[in-house]
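Chain lettering (A, B, C, D, E and F) follows the sequence in which the chains are written, and residue indices restart at 1 in each chain.
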Amino acid sequence: MAQENKAVRECAALRTLVPGERFCGCYLLKSASGATTGAGKPYLNLRLADRSGELPGKLWDYAGPVGPADAGRIVWVSGRVETYQNVTQASLDALRLAEETDEVDPSRLVPAAPYDAGQMLDYVERTLGKLADADYRAVCLAMLDRHRAAFSAIPGGKTMHHSFLHGLLMHTAKMMQAADTLSRLYSDVIDRSLLIAGVFLHDIGKVAEYRTTELGMISEYSAEGQLLGHLFLGAEEVGEVAREAGIPEEKRMLLQHLIASHHGRPEFGTIVTPRCAEAELLANLDMIDSRMEMYRKAFEETPAGTFSRQKIYGLNNGTIYRPAAQSESEAE
Amino acid sequence: MAQENKAVRECAALRTLVPGERFCGCYLLKSASGATTGAGKPYLNLRLADRSGELPGKLWDYAGPVGPADAGRIVWVSGRVETYQNVTQASLDALRLAEETDEVDPSRLVPAAPYDAGQMLDYVERTLGKLADADYRAVCLAMLDRHRAAFSAIPGGKTMHHSFLHGLLMHTAKMMQAADTLSRLYSDVIDRSLLIAGVFLHDIGKVAEYRTTELGMISEYSAEGQLLGHLFLGAEEVGEVAREAGIPEEKRMLLQHLIASHHGRPEFGTIVTPRCAEAELLANLDMIDSRMEMYRKAFEETPAGTFSRQKIYGLNNGTIYRPAAQSESEAE
Amino acid sequence: MAQENKAVRECAALRTLVPGERFCGCYLLKSASGATTGAGKPYLNLRLADRSGELPGKLWDYAGPVGPADAGRIVWVSGRVETYQNVTQASLDALRLAEETDEVDPSRLVPAAPYDAGQMLDYVERTLGKLADADYRAVCLAMLDRHRAAFSAIPGGKTMHHSFLHGLLMHTAKMMQAADTLSRLYSDVIDRSLLIAGVFLHDIGKVAEYRTTELGMISEYSAEGQLLGHLFLGAEEVGEVAREAGIPEEKRMLLQHLIASHHGRPEFGTIVTPRCAEAELLANLDMIDSRMEMYRKAFEETPAGTFSRQKIYGLNNGTIYRPAAQSESEAE
Amino acid sequence: MAQENKAVRECAALRTLVPGERFCGCYLLKSASGATTGAGKPYLNLRLADRSGELPGKLWDYAGPVGPADAGRIVWVSGRVETYQNVTQASLDALRLAEETDEVDPSRLVPAAPYDAGQMLDYVERTLGKLADADYRAVCLAMLDRHRAAFSAIPGGKTMHHSFLHGLLMHTAKMMQAADTLSRLYSDVIDRSLLIAGVFLHDIGKVAEYRTTELGMISEYSAEGQLLGHLFLGAEEVGEVAREAGIPEEKRMLLQHLIASHHGRPEFGTIVTPRCAEAELLANLDMIDSRMEMYRKAFEETPAGTFSRQKIYGLNNGTIYRPAAQSESEAE
Amino acid sequence: MAQENKAVRECAALRTLVPGERFCGCYLLKSASGATTGAGKPYLNLRLADRSGELPGKLWDYAGPVGPADAGRIVWVSGRVETYQNVTQASLDALRLAEETDEVDPSRLVPAAPYDAGQMLDYVERTLGKLADADYRAVCLAMLDRHRAAFSAIPGGKTMHHSFLHGLLMHTAKMMQAADTLSRLYSDVIDRSLLIAGVFLHDIGKVAEYRTTELGMISEYSAEGQLLGHLFLGAEEVGEVAREAGIPEEKRMLLQHLIASHHGRPEFGTIVTPRCAEAELLANLDMIDSRMEMYRKAFEETPAGTFSRQKIYGLNNGTIYRPAAQSESEAE
Amino acid sequence: MAQENKAVRECAALRTLVPGERFCGCYLLKSASGATTGAGKPYLNLRLADRSGELPGKLWDYAGPVGPADAGRIVWVSGRVETYQNVTQASLDALRLAEETDEVDPSRLVPAAPYDAGQMLDYVERTLGKLADADYRAVCLAMLDRHRAAFSAIPGGKTMHHSFLHGLLMHTAKMMQAADTLSRLYSDVIDRSLLIAGVFLHDIGKVAEYRTTELGMISEYSAEGQLLGHLFLGAEEVGEVAREAGIPEEKRMLLQHLIASHHGRPEFGTIVTPRCAEAELLANLDMIDSRMEMYRKAFEETPAGTFSRQKIYGLNNGTIYRPAAQSESEAE
């Protein structure tokens, strides 16, 4: 059915490979298990993955060293795509663990935020650096120093929303922009420095709550994450840093309160309910950004003028509608 | 205890009057009831009110025409403040219903929004007039034409928040500003014209839901308001106007959905839960603006560095904290 | 295993066909997909259905015109039943879309109410025609004129109860009978005309809420149905018709209230809770009729003296018991 | 102010007495307390009550024997109505405990059902006597024999609904009428004998749950009523009676189930949720009759065309509306 | 692959059998179905089970008498373990229903409590026999006499906890030990005799609520169990026994209350909420013992230092953590 | 009415003073306000209080220095009890703030635990000192060193339970005794050292959560207490102390988890739900001890054989029953 194709595609997205094509490059090894042919020859069953999808494969006459224990690691492979019993699969001729010189771009293998991580981090850092209140500024910058790498790399969650590289950073940066304008709109009750500090710190405990794979995706929750939760972990560490920085007790307490209350309601796992205006606004901005992101993700699979095929738990557990009508572009 | 004061204060705030002072001017007659002295002479027991508070009073040797049926109306009085059995009260010497020539300023007698109503209405009208989408614009302007006077005059609620003159207008205008910036931040999922139209229309049904006093405050809910609610009333009328305007069915349906879903959750009385991004964002902006306003109101009676004395039902049913710490002003 | 049978059964219930039998007639085409044999010949995989069940089948050497796009339509087929790998299937020799001259009886293909639709509609129409109150009567008859065909044809729901042809009509007619007697029993608080009008109108919005297949079953909810719901849609249209008919405002409002409140409790999606006696009674009659119908349906698969095999969501999410004991017939 | 009136009104409703009138007769003594005048003379402060309301009073120069311990008992008094400090009160000249020869009609002193108790009991008894099923009939008649007096006398509840003499009987009789017609409408799932037996027995445990005053009103719950509840008490006793009567085990179990499940939902205190059709229908009829009665009671204080002044807990905790519109009488 | 093994293992745990081994003994026949080979010969497909697991098997050239109807019964088999298409299975050469002389030990075939049933029963009986209060003691001993065999044999539940032989006895005995010490700690409010009687009686209704298999495991709930529940059934029978024993009414009522309230909260199916100290403590001890047992069971599959792989519904519906840290043994 | 009594009672319980008696001693000054007689003479209105109750009083011809600002402090007074307009009050002749030499026993003025504080503290300290696990022991002893005074002095709560001096200590000591025995009963899943450490630490955050009066009663919550709560404050500090002590990370995390989860369910304000056996048991022991103490307190005002007059919020929001039946004393 598929004709032979002599060219070798390098680092091609798996979903774009068609039977007959040859390919090579680095991919994520999702799983691997040794087996034996009827004729007694060892071979390897495996699954390759990149951001575009997954592909099952076989490597004949192979007894190692790569095996089941390498699941989750990156491998370099070369082979050919074929169809067997209606299933598209790869027939490999070479396989080895990736090496430093392979220079793998993680965002080719796992999903990443749709914005440039460097620019987002820059925005966050600049905003914090210009906070009017020296105390809140000091705590934020100290926390950023402690966690810059992880903060700008990890996803924002496991499945619900922002579950891609730099997801936490994107979530934080977007909320910071919203906080910036709303703090001016409600300046009679909102202390802008406190609100923006709260936005930056609210999910910082996720750095300790998650365990990530080699490629930066969340593999599971840490024991600490499960037994204490990111609200507690974040508020606890911020308390420590605030005390080290010697800021006034009330400010330290307010920062901790914003973190501890940002899930809003007991049934959402908040430690306390919001008791100051900045905490209340922060909890609402968190909800807005999470839900807008869930819509963005749902739109990827929902044509205009239709409802999503699945109910979305975080969006009132219903299907969502993507309007067909497009307003004309703004004439401003 | 109080010495005699010969000057007559005109239209003074009731809370500022002290025993011994003479006063005159227009006030709200909260209640009135006829009585008879031990000597068989008729007199009137009454309560005056203005925005600053209330004052009980008596008018001796008076048998009408003003009486209990005039409660809630505006009267012109003149009299003197005295103390009787530890209670400060007014001893009146004249009383009549207010007349047109008295030129009463309602905002002296009942609370009003802390912003200029004209400017807010102007902002709303200009924003609607520039909506990129001609269909949504047409419906909004038609609804504004129908209800301009009431929309810009009535309170936003009976007790919870924005319960003062122009409250609905202030609530709408503030949300519109927030919607303006957030629609740009989330432009990949939000149709700005639809969102802003939804903000303008979301509470328009309150015009039919409330009954107001002569002075524009809410006295009670209308029968229609109680039996159908402002979500239904607003969505129903907008459907009618949209059909008259001949806009596409999907747009009509979306406008109705935004109104019908803006209370967000069934336990908050929503007709349906939000099913499109604009509806979701609208429900959240409504919550933010209501709660920020509740904070603003609570701050009036909560000194910095303390908790409010009462639990506030709409704010997680807890006391709220007003921080003492003030961040330095922004250096931008 | 199965012996040959020369007779051809016409329009036989699919569940009654056994291997070896020949058959022909009109059936519902549930699905169809083209395929190719090992030898490169095209054929069609399909599923036939009628009210009794489904039957997979194959039509060899066939490349159209009937194909996947015809799923949900009625086809005329002829063929033979056989067993292949333990599965009973049809081997067809002819297939075409049904034509008018085939005179298909929908109730052979999809489930229908266990009562005669004509008689039920007649009862409803007569009852409405005799309503003592001319205003309520006028609105009901106008609504019946608008929707007679759909009202008497569509199911009452998608899965929970009355999910068969004429289901809405049966649900309405049964409730009307109950309302008739209970309105007399509680005549000191119930206005019979209002209650019966409410019964007729309460689910009329379902006409707009559902999308139906060629055979009249519900395929999905309309966009309007999902974004606004049948309570809103019904109450909105009744408001429009009532205004056209010029009935008093209070009566229009009461009719709308009965529709808007008939789901009783916020967690059941009611727009408002019942606030008048007729609304309260209507909500309860709706619950009774739905649940009695769920019992009737459950009894079809539950032998006397046993519990249903499955929990039934709408019946307190439990299994139900069908008593073995039968009281002697009444001697009256 | 009030002129003297020489006639003595006997057994007049307290609410109809006006200052200046003389009266005598038997009344309920709500409370009594001895006191002493400034001149050292003993007198009695007391409150009289009948079904129409209450009246404070004084009996001068009285030191007993009637006193505080007689609160709740019936007394014969004679006296005169006067006004003192704007309060209407009775000045008595005679007071003694009521005697048998006074032949007090309890329904003059405490509220009673608006139907004739004898006729209601007769209807219930006749209906039970004609039950088609001999087993259910036997149990019902045995229970009626055990509790005829209390069953037909006690109120149906303490405050919520049917809180008047014969209230339980009225509640039962009304439900029985509704059950009679609905059991025919749903005869494919409902065993009429079982349903009607369940109606009769469902609240029979209230006989043991309440403690009543001399006049038959509920004074408090019995210890057994509080620790086990009338659902348990009723189902337990019916089990005992059914076993004595030797009816089949399944029927005994079904009767107990109907009683044990008639509160419908766990949050309403049901022992189990309804699991058979008769139990489901019974729970709904109980709700209908309770709520219709709450409406009937609310109408006594709600003019047509207005809302009740108070929220009514049992009616969705809202105010209720009594329509002004009256449909023309039925022309049948 | 597996070499031949001539020895025959008797009554070996199924999980320990390896391909090549011969075995014989009594096992549970989980299921059986007749089939025919391609060559037309009848054979039996079956599944054997014991406490260690299950094993599929085949008995060639067999047409009965053992067949599908014997599923759930105990059979004696002999055969050989082999591997076919990667599945380990038994190839039997003999099969018959177990006979009395086979002297099967049920605990070899189904799970049993990890404590000696005789000792536990002895402890319970001794404790009851020494109860200080003669009335409570009499009722408990009478109930024990009625149900000794079933009480000490049946599981404590179907799946949640104590779902093994003697589970109810173990649950009761453990709670009795806890009740013993806590009744002394809280002796100012707790009557020890009442509490311990309540512990013994609280789940006694399970004897009537469950139906058990030949081997004593729970197969399903009885009709009575589903329609009335073990709280009702237990409290009803205890009431009967208490009345027969002639103990004071208050004590009878308290025993019934402890049983009727031991599920604590309406959403957990309690008949009434605890209203005396012993009932409150009993409900808490029941919860403690259930949950500690769920932990004990979860530990069997959770290595130290890890979380359970599954969420556990009864343990806050979360995964549980088994600490790695082991405190040194107590030096007392 | 009351005769003169020449003796002066010293430090008498206020509730025992009768009109005519003279008294002197130290009391709590609940409130004080200056006033002026008709004749223009200054005097002081005040309320005295001790553990037995309150007594209003007057001090004539007094203009200070004691005044309103001294409310909540202890004063020495001397005076005489009299009756004025049916109210018993004190007529003082002397008043001054208490001095050190007055040697006031706080437990005379405010309620205290019914056990000896020294013995309870001794028991707690000894138990912690003997903990088998050196790590948990170290953290507990360090925490005890930090907070010994406050821990053994403050109440356990503001109103619900243990709201008296040494209440927290009593609550902790009782739970420790229960934990001691239950940890042995469930030794297969419970690490006794961890459980007992958790019991000691679970409410330690209350030391920071409350603000206390001069006499040690809780006057209000601290800002930190309201914004973060005692679960957070305790877990945070224990984390700090555990890190200082250098115990293994897992043990530190487990201690924090036990504190953070001890309220059990989200609606009770827990930070996380219990995820290990010790946390689960701790949450249950906390509930048991709180509720047994609520019963102990309720018994003080509930005669045997009756129900409490009030519903008790923390005891299922119902009235509670105190049995009349007393089991004979145990014969062991």
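Observations, loosely collected:
Following the convention adopted for this analysis, a contact is a pair of C-beta atoms (placed from the backbone, for glycine too) under 8 Å apart; a residue touches a chain by one contact, two chains touch by 3 or more.
Not measured: the values here are computed from a predicted model.
Taken together, chain C and chain D share the touching chains B, E.
Considering every other chain in turn, the ones in contact with both chain C and chain E prove to be A, D.
Between the Cα centres of chain B and chain F there is a gap of 45 Å.
Separating the CA-averaged centres of chain B and chain E is a span of 65 Å. Residues of chain D in contact with two or more other chains: 223, 226-227, 250, 254, 275-276, 307, 319, 321. The set of touching chain pairs reads A-B, A-C, A-E, A-F, B-C, B-D, B-F, C-D, C-E, D-E, D-F, E-F, using the touch definition from the header.
By the touch criterion stated above, chain E contacts chain F in their complex at residues 130-134, 136, 174, 177-178, 181-182, 185-186, 188-194, 248, 250-251, 254, 265, 273-277, 280-281, 284, 287-288, 291-292, 295-296, 299, 305, 307, 315-316, 318-332. Within the complex, the chain C residues that touch chain A are 223, 226-227. Remark: chain C residues 307, 319, 321 touch chain E in the complex.
Listed in rising order, the residues of chain D touching chain E in the complex are 223-224, 226-229, 231-232, 235-236, 239-240, 250, 253-254, 256-257, 260, 266-267, 269, 271-272, 275-276.
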